[in-house]
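Next come two complexes, and both contain chain A; in the first it sits with chain B, in the second with chain C.
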Partner chain A sequence: MYGLTITQLHDMLKNKEIDIKTYYEQLFSDTNEVQQRLNAFVTITKEEALAKLDHFQFDENNWLSGIPFVAKDNYSTKGIKTTASSRMLEHYVPIYNAHVIDKLAKKDCIMIGKSSMDELAMGGTNKSALTGPVGNPYDATRIAGGSSGGSAAIVGSGLVPFALGSDTGDSIRKPAGYCGVIGFKPTWGRISRYGVIPYASSLDHVGAFTRSVEDMAIVIEAMSGRDERDMTSSNRPVEAYYDHLTSDIQDKKIAVIQNIYDQISNSEIKENFDHIIDLYKKMGCTVDFVEYDETLLKAMLPTYTIIANSEATSNHACLDGVKYGTRVDAATPDEVMIASRTNGFGAHIKRRFILGNLALATQNQEKMFRKAQRVRRLIVEELNKIYENYDVILGPTAGHVAAKIEEEETDRLTDEYLILENHLVLGNFAGTPSLTLPCGFVDEMPIGINIMGKLFEEQTVLNAAYALEKELGLKNKYAKGEA
Partner chain B sequence: MNFEVIIGLEVHCELTTQSKMFSASPVTFGQAPNTKVNEVDLGMTGTMPVLNKTGVEYAVRVCHALNMEIDELLRFDRKNYYYSDLPKGFQITQDRFPIGRNGTMEIEVDGKKKTIEIERLHMEEDTAKQLHFDDHTLIDYNRSGIPLIEIVTKPNIRSGKEAAAYLEKLRSIFLYTKVSDAKMEEGSMRCDVNVSIRPFGSDKFGTRTEIKNLNSISNVQKAIEFEVSRQEKILLQGGKVLQETRRYDEGLKETVLMRSKGDAVDYKYYPEPNILPIRLDHQWVLDIKEALPEMPEERIKRYVEKYQLPKNDAKILVATKEISDYYDEAIRYTKEYKLVCNWLLGETMAYLNKSNTTIEAIKMIPKCLAEMVNCVVDETISSKQAKKVFDLMMETGKDPETIIEENHMKQISSVDEIRKIVCDVLDKNPQSIEDYKNGKDRAVGFLVGQIMKVTGGQANPGITNKVLIEELKSR
Partner chain C sequence: MNETEEMLKALGLKTMFAISDEEMPALVKEYEVFMNHVEVLDKIDTTDVDILAFPYEIETSFLREDLPNHVISIEDALKNAPSVEDHQIKMPKVVG
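Right after this comes the complex of A and B.
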């Protein structure tokens, strides 16, 4: 039963074309298949899911009634192991649910498992997961991307209609592009972050993966809204995204940032991108190329690195082995903390913590952390200049298709890397809604396009994606793999 | 050589709000360990802080009471350090922008007034409580997240006595503003002391030591006095005071070394990303000032000016807020301000001491005390009877009228009625009249005794005496 979208599965349940228990039995058998092929799950929650089915009643007025999903393993789930793919949390069982998990449970969604991720959401390859790398559904020898690699791969395999992710730099949108699925992170504050193991609070966004824009509208609508436990969550009423979906986007103004476009070296990706520009023009949109201060573009990665790691080092200071998590016993409480943290984190995590501490140290803070915050503001102000005249900004999700798992990391100092591979972080700096849509294939691997809108204009972004999805004919593509 | 003493105080005060500073779990004291905690207090990863509005209100109250400038743009910072009682690995506090700045408090020491300058007041959260045993440590998270305010003076306190006077008054402000029970012995009010000395005339500060773990105001004073003499000895012997943290050992009556400051921690303060700056409503801040309860000094002034109490009595009443509140309630029912004060500071205090209880726990309500005083003044009962009524009120909680009634204590003050009784008694005791005429004054005492016997002691003694003499003379 691969490849069912929310709306399809809903209709089948509604029309009694399928019995929900039979469906879930098949689903869990498929889950094992996917797990064997992609290694994308940390935990499969079959027992809990089937227990829910015992007193399940289908509600035909609720799109999400009985719909299965997967949560990234940094969403706290009461009574269910939540590891964030870190040794430190290998056996950690939270005593509470993330707000979004509660919301989806109230909607009668059924969680079937927790997905693999880069350790503590720090990374872009999913290679740092405690349970090992995750395979790309289109080619299991390639990466799924990260940090929400497990969720992206699972949705890309066609197993479940949607999965939850989190995005601090591009951790939903990059893997979505690599795995050929839709990845969306709405405005910072639109969805509560309560209970999602943080990376960097001021940049962290929660969001989801789906295979159709309709599904995305349904899921995001269900996740959104004020949460009294997250002071940064917005009081704005949640819009009816699904009801307001329209492919009529005539007269919308689209900007393409010239400096980013210029860095596309892969001719097929460039060709594909030009084609999309033409499609939007055909739909009645204006598409203009705009300049963005190049110095600021090159400053994105260092700015991000400093802010993200500074916040991360204190966000993860709670992981000390004292109250929960993997404890290494020692003679004194201080030594317990040191031993537990030494044992609990991977080398790359420790490197980031050291960097964050360096940037926050009193003697450095002004010239590193505070300066990065000021540069962040400049980057956002430059972005806002574009939004004065345009509704959305269009860009490629990545410069290349998913790399081979064995491949070494790219040179981080090239302009292509600094600008093209990292520009999605603009949406994290500014907190703006940003969506990646599958837009074609290069070397039989999927590529994605990114649409970024203004704060709280989720609907505009969804509609732009909805219109393009229709033109491209790539709705609900998935890669089941060889049986 | 003479030295000038430089003291700065840092006071932490736990606020008695319903819930914690950044979480919804309740603020409690003395509950079973780890029963009043939620995932936020435990520092569970993924949790987020939600600011307690009442906590802010309490901080604003104290800011007003200390005449501080209030920063209406609330900002919070993270203070980062690892310690096993700090569940998040950081404490949410206000580093760069404390809610209150530049306060003042007037104190009086040995009849001399002095203004203590207060540098800042900020809001933060308490840590968990550690219980150390020989081979293990237990942690109670009930305290984790309880709202705290920290108040830091400028280094312009000059003696242990001044420090004690400041703390006494600060404590009464906490009580009068109803933000805390401020019990130093239970840790809901805590004080760290910074002490240094320098030769008089010097404009450079000497090396300071910090004294922690002080569990009473008198110990603060003692610790400072010891520490000053310790530092004096070192300097006079040509030594150097080292920057270190010390604690006061009650048994030794000395400060002893806890740790030296060489390995000072860098707290790496930076803005709390999960609480965006909050703009307080200016009117709300003003309303809090408007609604501020009367402060101790105003109360003393009112007692002296409006009720003509001696200043010393007024001070003693106000020193314990509950006693003073009791007094205020009582004088709603009488104009005998001084008498009520006397009964409170005399019999009532004695009763509290003897019974080892508090004014809130006694059975006699303020209204009854006032009514009893009224009965004495209008001569319904004698002062001697009043003592009995007082004891019975404390014992039973009944009102004075009932007690007087039940015990037949109502005085006979009618002259006619007394004259009738006097005449009856005289008629029955002709020998006593004879004795009186012969100059034996003892006879009067005997006759009064007879009258009291007949009336059950209820005859007004003054009137009885007057009428008796009149009747004796006329016979």
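Right after this comes the complex of A and C.
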């Protein structure tokens, strides 16, 4: 039963075309198949899911009633291992649920597993996961992207209609593009982050993957809202995103940042992007190219690296094998912590923590961490100038298709990398809602387009995506592999 | 071991990591990229620019009432501690 969307499965249950227990039996058999092919799960929660079905009663007025989903393994799940794909948390079993997990449980969603991710959500390939790399559903020898690679791959395989992710730099939107699914991180503060293992708190967002914009509207609406346990969550009322979906986006004003567009070197991706601009114009939108200060564009990755590493090293100082975490015994308390942390983290995590500590050191803090926070303000102010005249900003999700798993990391100081491969972080600096939608195929691999709106204008972003999804005819695409 | 390597080794220990000789070349390479990033920012004029610590001004500007809620039991609090004795986390002795 691959490839069912939330609305399709809901209607099948409502019309009694399918028995829910039979569906879940098949689903877990398919889950094993997907796991064998893509290595996308850390934990499969079959027992817990089937126990929920024993008391389940379908509610035809609730779109999410009985709908299966997968959570990235940094969402705390009470009584269920939550590793964040790190050796340090290999055996960690939370004693509470993340707010979002509770919200979805109240909607009678059924979690079927926890998905693989880059260790502690730091990475863009999913190759740093403790359980090994995750395969792309369209070609298992390629990466799914990261850090939410497991969730993206599972939704892209057609197994479940939605999965949860988190996004600090582009960790939902990049893997969504690589795996041919929709990835959306709403406004910073729209959804509570309580119980989601942090990376860098001032940049961390939570969000989801789906295969239709309708499904995304349903899921995001269910996840959103104020939570007293997350002081950064917003009091603003949650809109009825699904009810207000419309493909009538006439007169909307769309900006394309010229200097990002100019960095697209892949001719097919550029052609596809131009085609999308034409489609929006045909729908009655205005599409203009706008300039963005090039120096600030090139400062995106430096600013991100310094802020993210600094916040991460501070957030994860608690992972020391004392209160929790994998402990390595030693002679003194300090040696226990050093041995546990040295053993518990991958080499790249250690490097990031050490350099974050460098930027936070008293003698460097103003020159490095504070400087990055000041440049962040300039970057956000430059972005907000565009929003004075435009409703959304359109950009490519990436300049290439998903790389081969064995491929080496690219040079991180080229203009193409600094600008084209990192511009999605603008949405994290500014906290704006940002959605990636599948928009075509290059070399038989999916590519994505990104739509970024103004703060708390999730509906505008969803509608722009909804209209484009209809034009492109790529709703509910998935790759389940050879039978 | 050169000066940079010594500095990084010491910084590693402050971050509670023992960096091995095998890990050092990759750390030095990452440090060079990091310092390149610092240089890029250094060239941007931020005179009179305030820091931006969050994406926008956050709305919560009050403290909640100091009432206990979401209380966890001692057993739960200690559930993930690797070594526990008499309701306390057990660590090696600090003094003999």
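The rule is simple: the second predicted complex is superposed on the first by the 483 of 483 C-alpha atoms of A that agree within 3 Å, B and C clash if a C-alpha of one lies under 4 Å from a C-alpha of the other, contacts with A are read in each partner's own complex, and residues count from 1 in each chain.
The rule is simple: contacts are C-beta pairs under 8 Å (C-beta built on N, C-alpha and C of every residue); 3 or more make two chains touch, one makes a residue touch a chain.
Quick caveat: nothing in here was measured; it's all calculated off a predicted structure.
Novice: What is the contact status of A:234 with respect to chain B (first) and chain C (second): first, second, both, or neither?
Specialist: Only chain C; A:234 stays clear of chain B.
Novice: Going by the contact rule set out at the top, does A:372 touch chain B (first), chain C (second), both, or neither?
Specialist: After superposition on chain A, A:372 lies in contact with chain C alone.
Novice: So, does A:52 touch the first partner chain B, the second partner chain C, both, or neither?
Specialist: Neither: A:52 stays clear of chain B and chain C.
Novice: Now for A:336: first (chain B), second (chain C), both, or neither, which partner does it touch?
Specialist: In the superposition, A:336 touches chain B and chain C alike.
Novice: Between chain B (first) and chain C (second), which does A:14 come into contact with in this model arrangement: first, second, both, or neither?
Specialist: neither
Novice: Between chain B (first) and chain C (second), which, if any, makes contact with A:81: first, second, both or neither?
Specialist: A:81: touches no partner chain.
Novice: Which chain, chain B or chain C, is in touch with more residues of chain A?
Specialist: Counted on chain A, the partner with more touching residues turns out to be C.
Novice: Which partner does A:347 contact after superposing on A: first (chain B), second (chain C), both, neither?
Specialist: second
Novice: Touching A:98, do we find chain B (first), chain C (second), both, or neither?
Specialist: first
Novice: Answer with first, second, both or neither: which of chain B and chain C does A:310 touch in the superposed model?
Specialist: first
Novice: State which residues of chain A lie in both footprints, the one left by chain B and the one left by chain C.
Specialist: 95-96, 202, 228-229, 231-232, 313, 320, 322-324, 333-334, 336-337, 357, 361.
Novice: Which residues of chain A touch chain B in their complex?
Specialist: Going by the criterion above, the answer is residues 74, 76, 84, 89, 94-96, 98, 193-198, 200-202, 228-232, 310-311, 313-320, 322-324, 333-334, 336-337, 357, 360-362, 365, 369.
Novice: Name, in rising order, each residue of chain C that touches chain A in their complex.
Specialist: 8, 11-19, 23, 26-27, 30-31, 33-34, 36-38, 40-44, 46, 49-56, 58-60, 64, 70, 72, 76-77, 79-83, 89, 91-92, 94
Novice: Quick one: in the complex, what on chain B touches chain A?
Specialist: The contact residues of chain B facing chain A are 38-39, 42-51, 78, 80, 82-84, 87-90, 137, 139, 266-268, 270, 273-276.
Novice: Touching residues of chain A toward chain C in the complex: what are they?
Specialist: Going through chain A, the ones touching chain C are 92-93, 95-96, 188-189, 202, 228-229, 231-232, 234-235, 295-296, 298-299, 301-303, 305-306, 309, 313, 320-327, 329-339, 341-342, 345, 347, 350-355, 357-358, 361, 367-368, 370-378, 380, 412-413, 428-432, 455.
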